[in-house]
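Presented sequentially are two complexes of subunit A, the first with subunit B as partner and the second with subunit C.
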Partner chain A sequence: MTQLVQAIILGLLIGGVYALLASGLTLIFGVMDVINVAQGALLILAAFLAWTLWQEAGIDPLIGVLITTPAMFVLGFVMYKLTVQWLSGMPASMSVLLTFALALVIEGAMGLAWSTTYHAATPDYFDESYRLGQFYFPKAQVYGCGVAVGVLALLYVMLDHTWLGRAIRALSENAQSARLVGVNVRGVAALTFAVGVATTGAGGSIISVLYPFLPGSHYQWISRLLGIIVLGGMGSLPGAVVGALALGVAETMTVTYISPRWATAVPYVVIMVVLLARPQGIMGAKLREDVVV
Partner chain B sequence: MRRIVWLLALLPVLAALVVAGCGGGGETSSGTGGGGTGTASGEPMKIGASLPLTGDFSEPGVAAQQGYQIWQQQVNDSGGLLGRPVKITIKDDQSDQNAVVTDYNALIQQEKVDLLLGTFSSLLNLPASAVAERNQMLYVEPAGGSPEMFSRGFKYLFFAQQATAEHQADLFSQWAAGLPADQKPKTAAYVAADDPFGGPVADGIKSQLEAAGVQTVYSKVYPPETTNFDAIASAVASKKPDVIAQGSAGLADGVGLDRALIKVGYSPKQLFQASTPSFADQFSKAIGLENTEGIFYAVSYHVDAPTPGNEEFLAAYKAKYNTDPPEDAADAYAAAQVLQAAVEAVGSIDDQEALANWLRDNSVDTILGTLSWDDTGAPEQAFLLAQWQNGDEEIVLPDDAKTSDTIVNPKPPWK
Partner chain C sequence: MSVAQSSARRFSPARLGGVIAAKPFGPVIAAAFVFLVLYPVVTDNLYYQNMIILSTLLAIMGSSWNIISGFTGYVSLGQSVFLGIGAYTTALFSLRVFDGASPFWFIPISAVVAGIFAAVVGSVLMRTRGHSFVILTIAFLFVMQIVTLNWSALTNGNHGLTLPLPMWDIAYQDWPFYYSLLGLLVLTVALAWWIRRTKFGMGLIAIREDENKAASVGVSTPVYKVLSFTASAVFIGAAGGIYAYYLTFIDPRGMFDIVVSVMIVLAVLLGGRGTLWGPVLGAFILEPLNEVTNNEIGGGNWRLVIFGSLLALVVLLLPRGIIPSVADLWARLRRRTDAAALVGARFEPPAPVRLPAADPAPPPSGRALLTVEGTEKRFGGLRALDGCSLTVEEGTITALIGPNGSGKTTLFNVVDGTMSADRGEVLFEGERIDKLPPWTRAHRGIGRTFQITRLFREMTVLENVVAPLRSFSWRRLGADAVSGPEAERAHELLAFVGMDRFADMQAKSLSFGQQKLVELAQILMLDPKLIMLDEPAGGINPTLIEHMAEMIRELNRQGKTFLIVEHNMPLVLSLCNPVLVLAAGTCICEGTPDEVQGDRAVLDAYLGEDYLAGQAAGA
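And now, the complex of A and B:
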């Protein structure tokens, strides 16, 4: 029983972090049909930025979120203006090609700037835990999960209560109608992409504390994140959260009760089941009723 | 239309970035360049290799590239190989089994290299060595000690380290089994990466410790790309094993297990990790220097080793890269030394079977020590047993190579 509860605790904590990592990816897809394969590389780039701030200026990576997030926002905006905007009107598969190329460029640039060795931010709390009875809560995961909840709440408020948020949702439902009612489609798309990329600022900062990383680490992240948003329903933010928590718990339960060997298969098994039983994902079609039939 | 023009205009910029970004990873060939004091002349001796310069194994891959390049520089400075300048061509296989096969085929068929050198990790050497075997070319590999490598009856394959994976931890197992009764471990947990190296290492320790009466309380295999070890550590800790032994070839998974054990608050009496602790300061920075105390690992190379040629290698490496060489650079250098010894002893590269036969019948002095091989190309020596002590890496066994007289036991609790 103790082990079961502990496995669920660990799964929910890591699931919270996954939710944050997947939120930007699903937002970008929901609004502009762009599958941003570079999201994983951007995440690792943000981790390197957070590590550098921690190493050189002694800024705690979780405080560094306040710097990495705007930095990634600007980078996302520039990326959109230089490359992604030319995708509009092209099939989603083109976005995979373009963003994969961007991911390779970013991976190479990181190799030049930080070398291909492992880096890890180790603030005091990185290996400490809170204890409650027989259970333990690793501090880094707890803080990471807290930041994730904060950022997701901000995203939610932005989408629900601001003009930009309404414009983003309008755009995701029907771009042409949005244009008709006076939404500057290009401007809003650029901001959406930038916001989606900005979420990697917080995500990368958390990763820098949780796991050692190197430029090549982005491959394993992007595959897991794609799994999460397919599970949750591509384009749905609440879906990404539910999908992430489900995947986090499924992974730790598999490790504890079946074998660590099967944990990698969990996202794929889950995706297969979802695609068979509910192809639009757990909460899919909410934002994109016109497209998903 | 304007859009297409824009895209086209951007392409060269992107291409340039990719090439620059990969650190010349696509293909780096550094010839003799006519510089230096070499007296070698004539047609260059072309040596081909493919290394994981990007992807999961990029860290050791780049180190191996450095080892090969240091060797090339030294050989060319001292007259070349059989009087010909050496030109190593290194391709990037991106840590991918398909790419490594393509690379070695291209090196042999298109670039018509004269000799081959191996790649890094059993995972990549398994398919790459098969390409070499098919083309009847000598294949000396610097890192890939999985027993699978040597069970295929290959004639051209040689592994340039001291022993295969299942014997990686022999000195540790013998030491633990031989402890006095009140210190001898009673229970052990085994955690192994699901790759051709990690499993055999853990199995090797397990069979030796079980034979010595140590009970196995946990034994699981995890996928090599695992990052999150919290659930594994939680399960291991609940069994309270005296020994925890991990078989893995990388850094991230070993660090992941240590960090997760620290978080769950469980410190075993003896902790052995196959190669993670050998990543020097990358390892100590990732788990905190104070937490490294007492952790065991097996290693092929030590910078202070009094082996033949090590002084020159060390000096050349430090001059070029301004730091101590990592183990993987030394292993690559040793593989090149083995190739060089065979070529110089036979005196010709036309018959590569003769090179292989010579290696089977002789031993070679390398910076890792003297190496010799059985009929399958598996080496017949033993790894050094190392331990982190007071923030430094020390060799503790065997006696004739040790740099520290004490063995920290039991491992102190995590800080």
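And now, the complex of A and C:
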């Protein structure tokens, strides 16, 4: 019983971090119908940035969020303008190929810059825990989850209460209508992509403390994030949060009750089962396929 | 530059035949093949032999991938999974089952195992489309990698498997690998060529162009998709067996490698997706480049950067690939004034010719051909159909009218099987059909057109008309895509609708009205008992409307029953009897044109008071 509750606690803590990352991915998909497969590589890149800030300047990675997030925002904007923008009109599968290609480039570039060995930021709290009765709460996970939830809350406020947020939501409903009522679709799409990528800035900083990482780690991360948004319903923000918590718990349960070796398979199994049994996910709307657009 | 526009004429069989036989490719391909056959005999350079072996391997994988992703349009990013499956099958058989036997014996088993995996996994995965399918193929690859890693008792996990060393005389170098792969490549290309010229291949292209439409004209899409996925796996499996022996050492990360999948995709996109030789060309460009970068720059990170950039550039700048670009350039250089000059030509519908009927017309019987009973269909909170019941009698031209959003098109979708209703029954010739898939309903005799025409855009007009299938049989899959009698019948039908002059043109180059006519000819190929037309007069000019009405009457005289959705009231009233009126998802009125015009409920729901006033003023 203790073991079960402990697994759930750890799953929810890490699920909070997943929620932020998956929200970025699902936001991009919802607005421009592009699955940004490079999201995992961008995440690891942000982790390397945070690690470098910590190593070279002594900035705590969780404070470094303030630097990595704007940096990733700018990178996302540039990436969109240079590549993704030119995809419009191509079949959906081409966007997967393009962003996969970008992921490979980023992976290679990280290998050149930081070498293909494991890195981890280890501020003094990284191996300490709070205790509450029988249960322990690793400090890094508590802080990380807190920062992630904070950034996620900001994202929600932005979407609900700003003009840009309304434009983004309008675009995800119907890009053509949004254009008709005067939304600059390209500009908003670029900003959305940048916002989506910016979530990897905060996320990368957090995971640099939580897990050791190397350039090739991005495959594991992108499959995890895809699993989450597929589970929650592609394009659904509430779905991303629910999916993230569910996947976090599923992973810690697998580690506790089966074997850490099989934990890596969890996201893939989730993806396969959900896409085949309920393709629209938990929160996704089932779309009419008969209407020709 | 739009993609759709730039991929003009890529897939017509005529073009494909030209690519095989004619200038500029024929002699080049023949010369390249002779070179490859002779190369190991005339030199003993192992470095280049290795390079050709790996290029051939990539070409086999590319040509195979092209069947599922180029022809059928389902992009798989996990196709290298079959390389791993083939490699492990051969290795396990030679090590664990027949202790130390030559791995070459087990290559056919590798092919079969890969094929079985593809058929089983494909029958599940191919229920999804687009993004979902791409992601699932990646997930499948990684799951297989993890399983192979963790099932150490069988696969030796992380430590991999070591195969026996080659037993032949060292003087023969790597010839057995070289020639077996070259032979396999010939087989793979031959398979792709054969598929493309059969009914099967035509069905695959139809699925790529518009899967729901393909189903509605009688293509049993699941069978086609699973077969094409299997066809795209078998030779990769066989190649995996040879590759394992060639390497003599395999491990899960190397064999189930996503980068290999990327190389496959990149090679085909580079050469030309959907073409016969594109994958081969792409592979023989890419693999040598890969070898050079590996040797000159040390591989690893630079390799990722280079291949990632290359893939991004190809996707963005050369999405059609080399062969289609060169072929287009060639065609432009020797452009003649032919059918293409008809585009924009004034369209004059000829007087309807009498259509030679495929069957003698049955006498109008008055019995119910189609019955819809209490059908409901909801989209979220919206009830598009709300307990709709109606009957179409055999031999009639029945109209279905009603305001926008009253559920007319949804009713069509429920009848032809594009959608399944939430509740209610659909009976055709007295038998329930509401659980049948769309293609079976097409085989039973239901043909429908779409409000916005849905022709297979990349096919020619003739191919569009030949594409429908009246029944499913395994033997037919291997038949010629366009056989003599079929082409003859198609030309007759095209002549009937007045579009025969356009037979060799690309469907997408036609005007909207012309597409409507071709779509009518297309479903006539099904020889349907019930023809459902969704706004046949919508968006076309008045002359053409009269032509359309004439054709409908002529077909009706031959025994075809019609159900027509139309907003053009004069046309409906002069052509149809009875008239059914749909409002808010239910059939509110049925009667002769006169009865319907006078009905109070119809005036309220659809025609409006102005209509009555207009009629009075006109009279």
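Some notes on this structure:
One rule holds in what follows: the second predicted complex is superposed on the first by the 269 of 293 C-alpha atoms of A that agree within 3 Å, B and C clash if a C-alpha of one lies under 4 Å from a C-alpha of the other, contacts with A are read in each partner's own complex, and residues count from 1 in each chain.
Please note the rule applied: contacts are C-beta pairs under 8 Å (C-beta built on N, C-alpha and C of every residue); 3 or more make two chains touch, one makes a residue touch a chain.
All values reported here derive from a predicted model rather than from experimental measurement.
In the overlay built on the shared chain, the residue A:G150 is in contact with neither subunit B nor subunit C.
Once chain A of one complex is fitted onto chain A of the other, the partner contacts of A:Y136 are limited to subunit B, with no touch recorded for subunit C.
Within the superposed three-chain model, A:A103 lies in touch with subunit C and out of touch with subunit B [touch as defined at top].
Within the superposed three-chain model, A:W86 lies in touch with subunit B and with subunit C [touch as defined at top].
Once the two complexes are overlaid on the shared chain, A:G187 sits clear of subunit B and of subunit C alike.
Of the two partner chains placed around the shared chain by superposition, subunit B is the only one that A:D127 touches, whereas subunit C remains out of contact.
In the superposition on chain A, A:P70 makes contact with neither subunit B nor subunit C. Applying the stated contact rule after C-alpha superposition, one finds that A:Q6 touches subunit B and leaves subunit C untouched. Counting contacts by the rule stated earlier, residues 83, 86, 101, 104-105, 107-109, 111-112, 116, 215, 219, 261, 264 of subunit A appear in both its interface with subunit B and its interface with subunit C. Those residues of subunit B that touch subunit A in the complex are listed here as 3, 6-7, 10, 14, 17-18, 20-23, 25, 53-56, 58-59, 61-62, 95, 194, 220-223, 225-228, 230-232, 234-235, 238, 251-252, 255-256, 259, 262-265, 279, 282, 285-288, 291, 414.
Subunit A contributes residues 35, 83, 86-87, 89-94, 96-98, 100-109, 111-112, 116, 215, 219, 223, 226, 230, 234, 261-262, 264-265, 267-269, 271-272, 275-276, 279, 285, 288-290, 292 to its touches with subunit C in the complex.
On subunit A, the positions that touch subunit B within their shared complex are 2-3, 6-7, 10-11, 14, 82-83, 86, 101, 104-105, 107-109, 111-112, 115-118, 120, 122, 126-129, 136, 138, 140-141, 210-217, 219-220, 251-252, 255-256, 259-261, 263-264.
Residue ranges of subunit C in contact with subunit A, taken from their complex: 2-4, 73, 75, 77, 124-125, 127-128, 130-132, 134-136, 138-140, 142-143, 146-147, 149-150, 212, 258-259, 262, 265, 269, 300-312, 315-316, 319, 379-380, 409-410, 413, 418-419, 450, 452, 454.
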